[in-house]
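Two complexes come next, and they have one chain in common, subunit A, joined by subunit B in the first and subunit C in the second.
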Partner chain A sequence: MGAVFSKGLRPVATAAAVTTLAGFALVFFYAPLDADQGFVQKIFYVHVPMAIVALGGFVAGGIMAIRHLRTGDSSWDMRSYVAIHLSIILGTGVLITGAIWAKASWGHWWVWDEPVLVSFLIVFLLYCVYYPLRFSIEDPERQARYSSVFAIAAGAFVPINFTAVRLAEAVTHPRVLSQTGGSLPGEMRFTFLVCLLAMVLLFVTLWKLELTSKRASMQLKRLRTRLELRAETAG
Partner chain B sequence: MPALPLEEAGKYVAGAYVVFLALIVIYVAIIGAKIARIERQVSELLELTAEDGSVDRAPAGERASVG
Partner chain C sequence: MIRTAAAVLRKDLRIEWRTKEAVPAMALFTVTVYVLFHFGLDRDSLDGELASGVLWVTLLLAAVIGVTRLFAAEREQGGLDAFLLAPVDRTALFVAKAAALFVYLVALEIVAVPAFAVLLLGPNLFDGLPELILILLLADVGLAAVGALVSALASETRARELIVPLLLLPLVVPLLIGAASATEPLFRAGGDPEDLGRYLALLGGYDLVFLLIALAVFDFLLDD
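Showing the complex of A and B:
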């Protein structure tokens, strides 16, 4: 049961654990202290990769939804749902760690006139609508179809929103990745890339884990229904 | 704003990393509990069907892949 989704779970999980540990070791023992922010800047290595992976997960959810609508294969809808679900969890982490970093750096938990913060909140709240939309529809086929349409529309909004924010002038939030390569020194850049890789691997691991659980749960339901039917016909 | 002293900054950094780890641990615990419940239900169903003799016992490999 769930063999399709759990395939390769163990190596990915191992790689995620090793990379995460390596990333943390680099953050605290290798990356230099930031000249401006000092030790507080260490939050950057967990906050930014989480934000990038969360936004990437939303877009991936949209791409999977396109595949669902094109093929009619409901497993793509399940993949899309799990990707969005995980991205919302990571998004929660982004908002909390971002607030902690903001308080330490700027003295405020939240700054409303900063486009990066507000745009992320808008994307996050947009995706929070996905749950009531999805679970208010009882018919499984309609539920999958409507959810896919939402995932595609919202997934397209993410890069548009990102581009619009990049074009806007930064007020206080720093730009990490730019066409000129940003302003990260070599050690910081390497540490950041390892942390980003760790976050991607963690996302894939958790995505596969939840898909395995969902698939097993669905197969169990089917088995139950079949047994009940058999018992009824036998009785 | 000037950089915070290490003792004060440490609290914020620890807080951020604890939030991240807590999210992952809670998520894995919830999914792990779900998978354990499914495994238990599958075992119960298999026991029931074995008593009835209505369905053959699933191969061991198939049961193991649930988790």
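Showing the complex of A and C:
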């Protein structure tokens, strides 16, 4: 225990705000319009960073869970829980922005032959079970252990799933769109990297904020109990 | 460890042999689902990707029944406490449960696959039987590993019957992709297996990774 989650929160939050603003400014005033898709393509600067950060958050949650099982320190379980929780929120955003983008550029809300989209949906569905699993175990110590086991298995599942779905599609459907930024022109790539950085910083800020608030409310609860005990003994 | 696992496995199989709780239910379930598919799709015989999809989805749904039951008796009747008191390696319990699930699945498929051939499959089953058996066995290994882990994870929750399918089915999507894609050419009249090696490699890789993960984390589900 004893970890102070609020350490460095202020500079990270400031950096997140600055890069997010800079990212938006670059998206609207600097990055060129896509010759093929036009203005709609700009959703790319939100959608792809969000997807990358969400997947990174899932895997990071698994790594924190390994730390928890190794050290037995329950604050690592809390870190893993908050990382997965935020990644699920981002994941909802990814699916919504992905659907909007697909509708605008391909004419359908959902496209099954885009392996990245399908893989993401499967991973998202799996992680949604984290909540019912975690909160239907009453004993707090066991809850932390079982959640960590889930986080590790699911974290390892992420890359396997992406490989498997890619394998199922690769032969019949060549990749239309490279989303990794590998084939982007320079200005687009720079904008994309700034947006990615902004999303990472935003994630870290929210993660720290949530952990701080969880820690604070836990302490408040403990103090309240102690106060009640004292009032009882006095009265 | 092997001896402990073998003892637990023998016990599980003997209980299953006497009570006939899991496997007959799973077999009955698959035949019922074939009937549902017959009316739902309004087709008398299936071939190609439709046949392979129906067979695999049915088998995976049937596996959910086996996975739900796998740890139920241990928790309800205190077998787990006794096991934890014994001075034996805890991983043995995982090995035994996964092996039991594997045996259940093989027993299920001995009934469910011929039943599928009789009820729904258009082309002759025997044309690609050796390949199909190989695919089934590889898929069963992965399903047994993931199933035993999921069953242990869900056994402590209040809503076990709810958590098992929600957890198991997304986890076995890669297995379904590999198995269904590998089976599809076998169920096509005159079709020869293409890309079989690639999908078998996918199934084998999945089996290996999840066996290792499950072996690594299973102990933490028992520490009490």
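Quick notes
One rule holds for everything that comes next: the second predicted complex is superposed on the first by the 211 of 235 C-alpha atoms of A that agree within 3 Å, B and C clash if a C-alpha of one lies under 4 Å from a C-alpha of the other, contacts with A are read in each partner's own complex, and residues count from 1 in each chain.
FYI, contacts are C-beta pairs under 8 Å (C-beta built on N, C-alpha and C of every residue); 3 or more make two chains touch, one makes a residue touch a chain.
Because the structure is a prediction, the values reported are computed rather than measured.
In the superposition on chain A, contact of A:Leu55 is made with neither subunit B nor subunit C. Contact with subunit B, but none with subunit C, is seen for A:Gln37 once the two complexes are overlaid on the shared chain.
Contacts of A:Leu227 after superposition on the shared chain: subunit B is touched, whereas subunit C is not. When the two structures are aligned on the shared chain, A:Ala164 is found in touch with subunit C, with no touch to subunit B.
Look at A:Ala83: by the touch rule set out above, it reaches neither subunit B nor subunit C. In the superposed model, more residues of subunit A are touched by B than by the other of subunit B and subunit C. Of the two partner chains, subunit C is the only one touched by A:Leu69; subunit B is not. Contacts of A:Leu133 after superposition on the shared chain: subunit C is touched, whereas subunit B is not. No residue of subunit A touches both subunit B in one complex and subunit C in the other.
Within the complex formed with subunit A, the residues of subunit B that make contact are 1, 3-4, 6, 8-10, 12-13, 15-17, 19-20, 23-24, 27-28, 31, 34-35, 38, 41-42, 45, 48-49, 54-55, 62, 65-67. For subunit A in complex with subunit C, the touching residues are 69, 122-123, 125-126, 128-129, 132-133, 136-138, 142, 145-146, 148-150, 152-154, 156-157, 160-161, 163-165, 167-168, 171.
Interface of subunit C with subunit A (complex): residues 149, 153-154, 156-159, 162-163, 166-167, 170-171, 173-174, 177-178, 181, 195, 198-199, 202, 205-206, 209-210, 213-214, 216-217, 220-221, 223-224. Of all the residues in subunit A, the ones that touch subunit B in their complex are 1-3, 6, 24, 34, 36-40, 42-43, 46-47, 50, 89-90, 92-93, 96-97, 100-101, 103-107, 202, 206, 209-210, 212-213, 216-217, 220, 223-224, 227, 230-231, 234.
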